[in-house]
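I've put the structures underneath this note.
One chain, chain A, appears in both complexes that follow, with chain B as partner in the first and chain C in the second.
Up next, the complex of A and B:
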């Protein structure tokens, strides 16, 4: 289990994460939602140890260090691959450095997305780069797969394909933490929704419970964010030219 | 060991070809500059040293040297559409060990560049003598490498102080340029490579027996290298504490 206890992070005076408590259990597909600047990326970077933070983050009771960080993989829209290496060289590199690298899965996903194997990654289109980024994260052999806006720049069909593939290939013990703005798209795919706002968790709900209560993910987000539906109409009426 | 070699290959792959291409290009540009100087001085008193002194070969070399420094600093930086640091920091190999391979790679790149500059200078000398001063070949080159500051600094012959200075520069440049992307990944912008490259450009070509400047440059290079290594070690310690 990946456990975050009272994790806080600030950038100067700005509090990016404020005493976040979160538990990710094996096999969960967790959607992490929140507006821009809510702290989603910061949360993932703290889990991976890329950022100093307060509070504790443990993986099955042990802190995340170089010894167990291979159990975490990361797919990000910023991309973490080596741009001058082709896909095939990445496979070799990952196979050497991550003992549980999933060779078969890599082959299948490369074939499915028809990605070139000998072309340098920097020569891939943005969509292909995103696909490859996610392929690497899925094939590393990690127990916890963190995805930060991995499909930014991909078209809808592409994303649809990916959700289906993801559901089809994930094994029961693999956990996914997926940060995205595409609520409707992932609604049927995730098992739990976590909402962040201004660095705090303002909602954490299993999708099953949400379905049973007859609400959609969007309704849940709006509730948690105390969204006022009349906000736009009021703003527009305020902006409308005054009658003389 | 295979893991370590794979990390080394990452650096080699992203730098060595570009460094070699830069060295080749610099050779071509320097040859053109030398040929232009020889053409400009035609009819005047012939002399290898005169032509070298009048040519802009050292300037051309300095410009390409700066380009090489920039290339080594920015290759591996988390920029230009990808952040490979995210992957490097998830490996079992520590960042300090990764930096060791990067330092080795950077140093070899500078060594290749130095070798290319030396080879270019020697070829230019031989070519010039073959066409202009066929009788004086061997000894003229030998003397030129003692009397022309740029040539002497490239190959100091028996000037041990200059040779030590060059080794210190090689080590200092290798360390600072390799540590630059590493520290950048941790949000630090270090100016060591920039400072050292600027000092090298200004003070590389010195006449024979300039002990004071040799000593100063040696100390600057070693201090900058030590500073970069310390910041690397400190970063690693901070990471362990975190």
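Up next, the complex of A and C:
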């Protein structure tokens, strides 16, 4: 289990994460939602040890160190591959550094998305780069796969395909933490929704429970965010020219 | 061979190409250092000419200039290449931010020293090669100075910087 206890992170005076408690259990597919600047990326970077933070982050009771960091993988919209290397060279690199690299899964996903193997990654389209980024994260052999807006720039059909493939290939022990703005799209694929707002977790709900209550993910998000439906109409009426 | 060397640079950077540049830098530095040899030979032939052509009573008090005066900044090229090695290490580091953030991958590798090794190994080797070559040449030039200066014409304090 990946456990975050009272994790806080600030950039100068700005509090990016404020005493976040979160548990990710094996086999969960967790959606992480929140507006821009809510702290989603910061949360993932803290888990991966890229950022110093307060509080504790443990993996099955042990702090995240070099010994167990291989159990975490990361796909980011910023991309973490080497742009001047082809896909095949990435496979070699991952095979060399991650002992549990999933060779077969890599082959199948590369074939499924029809990605060229010998072309440099910088020559890929943005959509292809995103796909490859996610393929690497899925094939590393990690137990916890963190994805930060991985499909930004992909078309809807492509994303849809990916969600289905994701559900099809994940093994029971694999956990995914998926940060995205695409609420409606992932609603049917995730098992739990976590909402961040201004660095705090303001909602954490299993999708089953949400369905039983007859609410959609969007309803849940709006509730957690205390969204006022009349906000736009009020603003518009305030902005409308005054009658003479 | 190519693959073995590439394991010592950031993925995507050809080690062979960088080694060629380092070798070129070392070669140029060596050529520049040869100015010691030319200056030494020039002073030596001047001395020999005087010994042969100036009658002893009229012979002024002459001697070979001090070693470091002849060497001057002859080994500066190696220092310059060594400084470039620090720049190369920085380039290797910032390479991981170009076109993507491959630094994320490198920082979460189970092998703790992989990133440092790939960024610093070749520059460190280049700097070591600079130091080694410079010391070797220093010893060689020193030997040339001591062995080939005509007898009796070494200055009183050969290691002082004076003409």
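Operating definition for what follows: the second predicted complex is superposed on the first by the 244 of 244 C-alpha atoms of A that agree within 3 Å, B and C clash if a C-alpha of one lies under 4 Å from a C-alpha of the other, contacts with A are read in each partner's own complex, and residues count from 1 in each chain.
Methods note: a residue touches a chain if its C-beta (ideal position, glycine included) is under 8 Å from a C-beta of that chain, and two chains touch if they have at least 3 such contacts.
What you are looking at is a predicted structure, and each value in this text was computed from that prediction instead of being measured.
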Based on the shared chain A superposition, would you classify chain B and chain C as clashing or fitting together? clash
Now for A:93: first (chain B), second (chain C), both, or neither, which partner does it touch? both
Check whether A:112 is in contact with chain B, with chain C, with both or with neither, and answer first, second, both or neither. neither
Touching partner for A:163 - first (chain B), second (chain C), both, neither: neither
Should A:189 be classified as contacting the first partner (chain B), the second (chain C), both, or neither? neither
Which superposed partner A:80 touches (first chain B, second chain C, both, neither): both
Taking the superposition on A as described, I'd like to know which of chain B and chain C A:66 touches: first, second, both or neither. both
Looking at the overlay, what does A:52 touch: chain B (first), chain C (second), both, or neither? first
Chain C clash site on chain B (candidates 24-32, 96-104 or 132-140): 96-104
Common ground on chain A, meaning residues reached by chain C in one complex and by chain B in the other: 48-50, 66-67, 69-70, 72, 74, 76, 78-85, 89, 93, 97, 121-122
Residue ranges of chain C touching chain A (in the complex, touch as defined): 10-13, 98-105, 107-112, 114
In the complex, the residues of chain B that touch chain A are 2-3, 6, 10, 13-14, 80-87, 89-94, 238-239, 242
Residues of chain A touching chain B in the complex: 48-50, 52, 66-67, 69-70, 72-74, 76, 78-85, 89, 92-93, 96-97, 121-122, 129
Show me the residue ranges of chain A that touch chain C in the complex, using the header's touch definition. 48-50, 66-67, 69-70, 72, 74, 76, 78-85, 89, 93, 97-98, 121-122
